[in-house]
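Before I ask anything, let me first share the structure, which is written out below as structure tokens.
Chain naming follows the written order as A, B, C and D, and within any one chain the residues start at number 1.
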Amino acid sequence: MAWTREQMAQRAAKELRDGFYVNLGIGIPTLVSNYIPDGMSVQLQSENGMLGMGPFPYEGEEDPDLINAGKQTITELPTTSYFSSADSFAMIRGGHIDLSILGAMQVAENGDLANWMIPGKMVKGMGGAMDLVAGVKKVVVVMEHSAKAKDGSVSPKLLKSCDLPLTGARVVDLVITDLGVFSIDKAGSGGMTLIALAEGVTEDAIRAQTEAAFKVALDGSARKAA
Amino acid sequence: MRKVHADATAALAGVLKDDMTVMAGGFGLCGVPDVLIGAIRDSGVKGLTVISNNAGIDGAGLGLLLETRQIRKMISSYVGENKLFAQQYLAGELEIEFNPQGTLAERIRAGGAGIPAFYTKTGYGTLIAEGKETREFGGEHYVMETGLVADLAVVHAWKGDSEGNLVYRKTARNFNPMMATAARVTVAQVENLVEPGEIDPDTIMTAGIFVKRIIHTPQAEKRIEQRTVRKRAA
Amino acid sequence: MRKVHADATAALAGVLKDDMTVMAGGFGLCGVPDVLIGAIRDSGVKGLTVISNNAGIDGAGLGLLLETRQIRKMISSYVGENKLFAQQYLAGELEIEFNPQGTLAERIRAGGAGIPAFYTKTGYGTLIAEGKETREFGGEHYVMETGLVADLAVVHAWKGDSEGNLVYRKTARNFNPMMATAARVTVAQVENLVEPGEIDPDTIMTAGIFVKRIIHTPQAEKRIEQRTVRKRAA
Amino acid sequence: MAWTREQMAQRAAKELRDGFYVNLGIGIPTLVSNYIPDGMSVQLQSENGMLGMGPFPYEGEEDPDLINAGKQTITELPTTSYFSSADSFAMIRGGHIDLSILGAMQVAENGDLANWMIPGKMVKGMGGAMDLVAGVKKVVVVMEHSAKAKDGSVSPKLLKSCDLPLTGARVVDLVITDLGVFSIDKAGSGGMTLIALAEGVTEDAIRAQTEAAFKVALDGSARKAA
């Protein structure tokens, strides 16, 4: 049984540590905020100029001046501070954000990430994704293990090398898919390692849907080292 | 007092010319100088290069200037949510230069701060670095990016005084403060116009020196792009 | 709450080591983190490289660390008004690296913002440019300057909350905000310590993310270097 | 009769224009603030982080948190804003200040300026002077025409080229001394031009105390062109 979106978010939440400042991308990463352990202080950064992002407002309490990077209405917390886009990305580029959790189209075994454009399709732009993956201390990708096209065909997203234009070269530390968890030695030559399996998913099932070469280290120590 | 103009048309008089470069503040539809953009549309000026994080949506923000085909080129980080943009781009009528959002913000700050170029890790090893100088510092790879300046910047603020001192509100701050510093002429629309001395000087975010002209837009319409809410516990 | 420490010694515990680089906020004696500097003196740590616009005066500010010869090198823009500094410098006991004040401020901002180097006109054609790369952009000459980071930054703020959010007062702001961003560990002394939510989030000048430790120093002594007054009209 | 310090400041005040943002150095330049014409809006910048600098405080009203770049206690005005040193010098470097009036040890006929160090003497540092002369739109020097040493010897300060280390190369637009006013074509090859004489001072008297070559254009049109 593959993990649901909620289970993937729950697994990603295990990467949180007390006192962390975290940037969450759109989609499954946003769900991670629902799984911050009680008593753990985690502040969410929104790259449009906010630290200490609160939940969605109650209906009728939306403030057009208060949105997140996905342009959704949100709320503030007692910890909140606001700043300009330049200061926001100075924070990101300067390595002050502990963790970025974001989605991806493709991840290569060396940590290359592609998630902003498909040649030949209309390009919307990279927004803040390139800055985030280049600047944040630890980058975690949460994505479906394989891509399902409209015609039903399935193609792997964990690749030997990305064929889509990169968002960043050697930037991903950890990949969480619906089938398992992979660590990547992005700074060295250690490549990709499968460190956890979703319940009921086998290593063989993962191999069948993965182009990237990967080692396997499912014991707790390797998991911890990731 | 000399900085305060009666309306957007008056505040832009003598500044607009075809083929100029305009910076427009805002992120999504938040903190967008919509009244000033409306006046730019009404002026009929064309061939604009517009530096703005986004391109508005159909019928709002910079979407207004796309409808009238007054924009020749956008320098932005994200232009989704705009069908007109896609049409004009695919028809070859509109150029786009994508910048990573943080690189865009820093290029604008640099332009205003007299910094012609700086290095950033962002985009190294990607399409964005193609044709740009790269360089190693301390064993890490960086891309050289250049400062951006404009002929005109239009910004939106929550409060301003007649000296041009500005205060922004919540995430409507975004690109407005840097843009205010990076243009030959900066025009601000403010929701609340007050007398000098009424704003605590420690809280001023844009010093009056950067703002040449200012208009009071108390009725500025604020739109929401993605209305998201949660349910109240029963 | 975990960021709040009982006193300066507790806040600096485990951070100080010989030969480290320390940034200290302040301009003249204004906005100087004097309580934290006192605790650095008391710790006996030595061989320090100190990045600070000035070097204090005899008996105050960084003057304290000069008395005890804990500083090996200063990176500053102006070190007048300090006899001890002159003595130690002339005796070859103290190194000094002069930076133009704006270059120093920008190097610190760059260090905190992940920018390893930038170009500035300042100092082109002077001693300051010797040994540095120079380059032309748009027909003008510029000098390449590098970002600065430190092991520790000590800053002084008017108000802070237990999350580390800071607000500075008047010209006591000066170098404090940039330094808060550019060190592995930033420790702040605040005249007023409040609970999260008590500071208007639009007015926060340093976001809590940059501040690792904080102490409440309500009694911080404020000295005036040049007391200048005017006569009241009779 | 040479100009007094007050007269030099008065002459420098003629460079002010309505709406100007101005940075004044220590010494005679500070006096210029006493001669801002009534009804003219001029805001003074202090590079330690303030725009809209007010006069010295009344005795007993000094605020240790409110000083100018000379470390003197000052006051604020209704127009005042505060900012960080980085933002202050971004304002200066970015060319937003209209006018800088400052003192000098030496000025060369090409606009080179020396005012921060004398080799062999204790060096105090350049503070913000290098940034100001490199960044401000127009740079006006106000200084004694000649240097009087303690031993009574007199040496010229307007030179063919500076022998002291420079604060900036080709940065000075105008020099006001106790004897007269000189414009400098800092961007071109026009050199230095004497455009005004202090009352009762002759061109010959100036030549005798000036090493720099200079043209003379004492008519109003040349003065205006400066």
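The rule is short, and it goes like this: a contact is a pair of C-beta atoms (placed from the backbone, for glycine too) under 8 Å apart; a residue touches a chain by one contact, two chains touch by 3 or more.
Since the model is a prediction, treat every value here as computed from it, not as a measurement.
Asker: Select, from B-D and A-B, the pair of chains that is joined by more C-beta pairs in contact.
Answerer: A-B
Asker: Indicate the whole-number Å distance between the mean C-alpha point of subunit A and the mean C-alpha point of subunit D.
Answerer: Distance between chain centres, rounded to whole Å: 55 Å.
Asker: Can you give the whole-Å distance between the Cα centres of subunit B and subunit D?
Answerer: That pair's centroid distance is 36 Å.
Asker: Using Cα averages as centroids, what's the distance between subunit C and subunit D in whole Å?
Answerer: It comes to 28 Å between the two C-alpha centres.
Asker: On subunit B, where are the residues touching two or more other chains?
Answerer: 106, 109, 113-115, 120-121, 169-170, 173, 201-202
Asker: Which residues belonging to subunit A are in contact with no fewer than two other chains?
Answerer: Answer for subunit A, listing residues that touch two or more other chains: 76, 82-83, 89-90, 92-93, 135.
Asker: Quick one: do these chains touch in a line, a ring, a star, all-to-all (complete), or other?
Answerer: Looks like something else, not a line, ring, star or complete graph.
Asker: Which pairs of chains touch each other in this structure?
Answerer: Final set of chain pairs in contact is A-B, A-C, B-C, B-D, C-D.
Asker: If we count contacts the way the header does, which residues on subunit D are in touch with subunit B in the complex?
Answerer: Going by the criterion above, the answer is residues 19, 21, 41, 43, 45, 51-52, 76-83, 89-97, 135.
Asker: Mind listing the subunit B positions that touch subunit A in their complex?
Answerer: Contact set of subunit B toward subunit A: 27-31, 53, 76-81, 86, 89-90, 96, 98, 100-106, 108-109, 120-128, 158, 169-178, 205, 222-232.
Asker: In their shared complex, at which residues does subunit D touch subunit C?
Answerer: The touching residues are 46-50, 55-59, 61-68, 70-74, 76, 82-86, 88-90, 92-93, 112, 122-131, 134-135, 165-170.
Asker: Show me the residue ranges of subunit C that touch subunit B in the complex, using the header's touch definition.
Answerer: Residue positions touching the partner: 106, 110, 113-121, 137-138, 140, 142, 146, 167-170, 173, 200-203.
Asker: Would you mind writing out the residues of subunit B in touch with subunit D in their complex?
Answerer: Contacts found on subunit B: 2, 109, 111-115, 163, 165, 181-182, 195-197, 201-202, 204, 207-210.
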